[in-house]
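A, B, C and D are the chain letters, set down in written order, and residue numbers restart from 1 in every chain.
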């Protein structure tokens, strides 16, 4: 286990964490502010990837395509909010689960009918493809660096937005004292619409950023959704800060676990049994971490203030 | 003099940097109705939560029925005979009035880990529940879902649930809050009927009720005991008049 | 010879005893009913779509008739869930009363549906999956494969690596049975050093951890088996990690026409083992590829080719029996003769119902029209039989 | 009106509503289901037999989830785990030479109950969404454990070469007998479940869902009560899993994938979260609609998805309105 490898894997973990954060941020806000369980949040991620890939192919320009894709995702977020979500606020959690599950089925099948079941491609601009030498003997893909940088940038922006602006203040207050906020005369429905569409766009952005390294296919949102839920639960629902730290934790634990679990087991067990158990253990590692964290902190790492 | 059923010994609790309970000591004697009054924010609810076990004090002890229960949870204290009536009515809304009281009675009558015999077939419990409902005047509403009872009826139902457990002390957290005048009078009458049989710790805003019922009154101001004594003594205590009754006398 | 006769008689007796009840349901006046089982939803749907399209293209070209009989193809989606597949196959057998079940992309689904299909004494024509039990000990007189045995395409790569003189190779597959079989298949003909065997999670999206390990180990080549979306991700990330030009990439069921449209340039020059490629030079194949591209607008993959051949195989056998499936012995005999012109060229059946055919190394290229496809580099095995046929009691 | 459906029912008693919510109607449903296999044989529709069996099996699994979810408010997103464990119990026992249902089914029950009991000690420390997610996590651990069991097919799963015997007899080979076994077990556990809910234990368990702090003030500890209920539900789910293994004659980790847990929740919620037999309706609706729609079009999900949304938007729709009796 040399240091270069460890460094690369740490960067990889960071990159996964950043993607997860982008998805989890919207999820935790919608959950925190409106007490709304949105299973279809993974669909936004998938939609972002598809819309951006299409826009990039159409405009033949990455930046332009990304911007168009984001606008389209934002628009899709508003449309879904108006058609479905706003009618579900304040309803029983399980009803929200059922309805948004139906939405997943519909959107996934719809995308499959439009774009086909085969994965589609998204081009990356020349300057962002290929690898750079970070230090002697350490080659790293530029695109992953771009993901990490843009993800951290968005995280910073989000923090400023939530910590420094009026709407951010309302969101924070809304996540802990919703009745008070609405008593102050704030239109909580509009607040929700904005938070929701914005969260959808963040997830869509994550999908766009992941598109060049992952296969863009109709079900790409499912796995991410589960991981995003793991993240917000570890972080404490409604907490952006918690989501950020938990996303990095999950990204790192998952990546490093997959990279080194088998090797670590080989130190203690016979090679063959380590090779068998290693991948399975690595796969369940984040769930073990989540269970442990919830065992000791049943409200997650950074529970939002008491309601 | 008999031993106190409840004794608070130098109880203190902070929320962050804010002290909400400061060195509170008080006693409830057998058969006594002891009222705790105080202006809003005096820490009455925090105090009752420490007595019932919802909150743990930072310092001090809670002695109940001669036993130190400071470290025990809500359910454990309840099993020792501490019943509570909540500030906001708390019943099992989907159960009928009868089933609510039966649930309370069942807690005192053997294990709940019986799986196959229908609970309603347990005559002893059902009869006790019906008796208790009758005692609070709810006999005719026994089969109505608790959610459909009026506010006052819910309070009475809670009282029935407390009574059926034959508790050693009842904590009443503002039982008159939100009830109409007629209902308040009826409830006061009900509680007065229990005087001497059942010790109570009463937290209440309604001064008429307090002075009608209490054998002893403790005044809480900013988390600390400002005065304690008979209703007569409290009524005439200049400190209390200034700090509390003076402001609130007309409310 | 004598043994063979005895087996045929035994089979006949077996069929006669059980086939009576079902025989009536397949009267020749009714249209021929084919149940086509494919994976049409979930991350691996692309493979299933190709196989279905290939099959249906053949039926269409034959004027909607197989063996000259009006034919109804009932397509079902197994969702890649074994219990769902079993239920749907039972629906095909019991409700739709199909004469033949065809298709099945994944081996776990195949293993789950094989039993009910065989129990119903219905013929099962694989359009892709070829798990080793069905080739060996658990082979069945009702089973024929229009594809290959699972190990074979991996064996091709092992032989290729051996022939190329690679000394140090890293193997990487998902952590499931097919992955382990894949490694075993590769090692059957590769005698060099296997530096590391990396097992990844099935459905894994990000291979950065594994690629960093590979880059550090600097092997002569890597061999991988990453079907569907996993392969897309892996190849994209392989190129981005700067490994594409450095370490030869050998694969099976990873680089094919279902994934190439998504991988595009990153795939060029990567190797794969296959029994078919669009560039294969037979008249039938040229016609098939042209027709498929015209019909569906994409280059066919080997799944499409196998689906197409499966339909042609059923067509040929039905022609031989005059459109009848009710006489199981006759239909089996007709199928076993492989009475059709495979787009792969040489195609015979072994005793276990698996093909005896040629295998090639193929490589991804960008065609003149801008589309991506695989192209034959060299023939690796000629008239190859699978390694399990010897365990099969059928003669 | 809409805010308190329970209030409505009492204020304006209709004869139908209470009957549809009563345990007796549950038996009517089971009887209807039991008619399907007989009809299948009489009308020469053997596939109805398969469907009826599958409905009974998933109804049993959904019923066990409904017990803790609908009646106890414990939203487990990992119920497929004990379900799958039941299936593996049959497979592993068969591999060890114990092919008899009289051994396999009780062992499956115990294995499922043990799994739920042990994981419940951790999961039940949490509440709400945290509980949902921790049950998912624990189920995922089980899932990945079974995918790594290469002796039992790993991720691929493994064929169960013969159905369980009963006291050495191969009765279950007959699909009709098997269908009635599944329906019979469904009926048995429905009756038992309703009995448990009406018992002293059930009274406390149901009460906990609505007002945990009240029950604590009465002296009830939620934890052991919920743990026992959670373990029992796991055991019943495992019995359903054992049935599924026998029906499909195949066992695979896919049985305990998180999507399967989601399917079970959908069935229970669709069934209205009310009395246990709502789960039978939910399972039947999901499976039959799925089967019918997918027979019509490959893109059946484009219809089924909006259908689910509509059901919710129309306030639980017919099924939940009739059966639900959700309490304000």
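Criterion: a contact is a pair of C-beta atoms (placed from the backbone, for glycine too) under 8 Å apart; a residue touches a chain by one contact, two chains touch by 3 or more.
Owing to the predicted nature of the structure, the values given are computational and were not obtained by experimental measurement.
Colleague: Determine which of the two chain pairs, C-D or A-D, is joined by the larger number of C-beta pairs in contact.
Modeller: A-D
Colleague: Select the chain at the greatest separation from subunit C, using centres from the mean of Cα atoms.
Modeller: Here the answer is chain B, farthest from subunit C.
Colleague: With chain centres taken as the means of their Cα atoms, state the distance from subunit A to subunit B in Å.
Modeller: Result: the chain centres lie 48 Å from each other.
Colleague: Would you kindly tell me how far, in whole Å, the mean C-alpha position of subunit C lies from that of subunit B?
Modeller: For subunit B versus subunit C, the centre distance works out to 75 Å.
Colleague: Starting from the mean Cα coordinates of subunit C and subunit D, work out the distance between those two points in Å.
Modeller: Roughly 37 Å, centre to centre.
Colleague: Express in whole angstrom the distance between the two chain centres, defined as the mean CA positions of subunit A and subunit D.
Modeller: 31
Colleague: Would you mind listing the residues of subunit D that make contact with two or more other chains?
Modeller: 147-148, 150, 301
Colleague: Among the residues of subunit B, which ones contact at least 2 other chains?
Modeller: none
Colleague: Of all the residues in subunit C, which ones touch at least 2 other chains?
Modeller: Only 40-41, 175 qualify.
Colleague: Go through the chains and record each pair that touches.
Modeller: Pairwise, the chains that meet the contact rule are A-C, A-D, B-D, C-D.
Colleague: Provide the residue numbers of subunit A that touch subunit C in the complex, in ascending order.
Modeller: Listed in rising order, the residues of subunit A that touch subunit C are 2, 4-5, 8-9, 12, 15-16, 109, 112, 116-121, 123, 129-131, 139, 141-144, 212-220, 223, 255-256, 258-259, 262, 275, 278-280, 282-283.
Colleague: Quick check on the complex: what are the subunit D residues that touch subunit C?
Modeller: The touching residues are 45-47, 49-51, 54, 147-148, 150, 153-159, 161, 244, 247-250, 252, 254-255, 291, 294-295, 298, 301.
Colleague: Considering only the defined contacts, which subunit D positions touch subunit B in the complex?
Modeller: 4, 6-7, 10-11, 192, 195-196, 198-204, 206-207, 210-211, 213-222, 224-225, 228, 327-328
Colleague: Can you list the subunit B residues touching subunit D in their complex?
Modeller: Residue positions touching the partner: 52, 54, 73-76, 78-79, 83-84, 86, 90-95, 99, 102-104, 106-108, 111-120, 122, 144-145, 147-148, 161, 165.
Colleague: Help me check something: in the complex, which residues belonging to subunit C touch subunit A?
Modeller: Touching subunit A from subunit C are residues 40-43, 45-46, 48-49, 175, 197, 199-201, 203-206, 208-210, 212-213, 215-216, 228-230, 232-233, 236-237, 240-242, 258-259, 261-264, 298.
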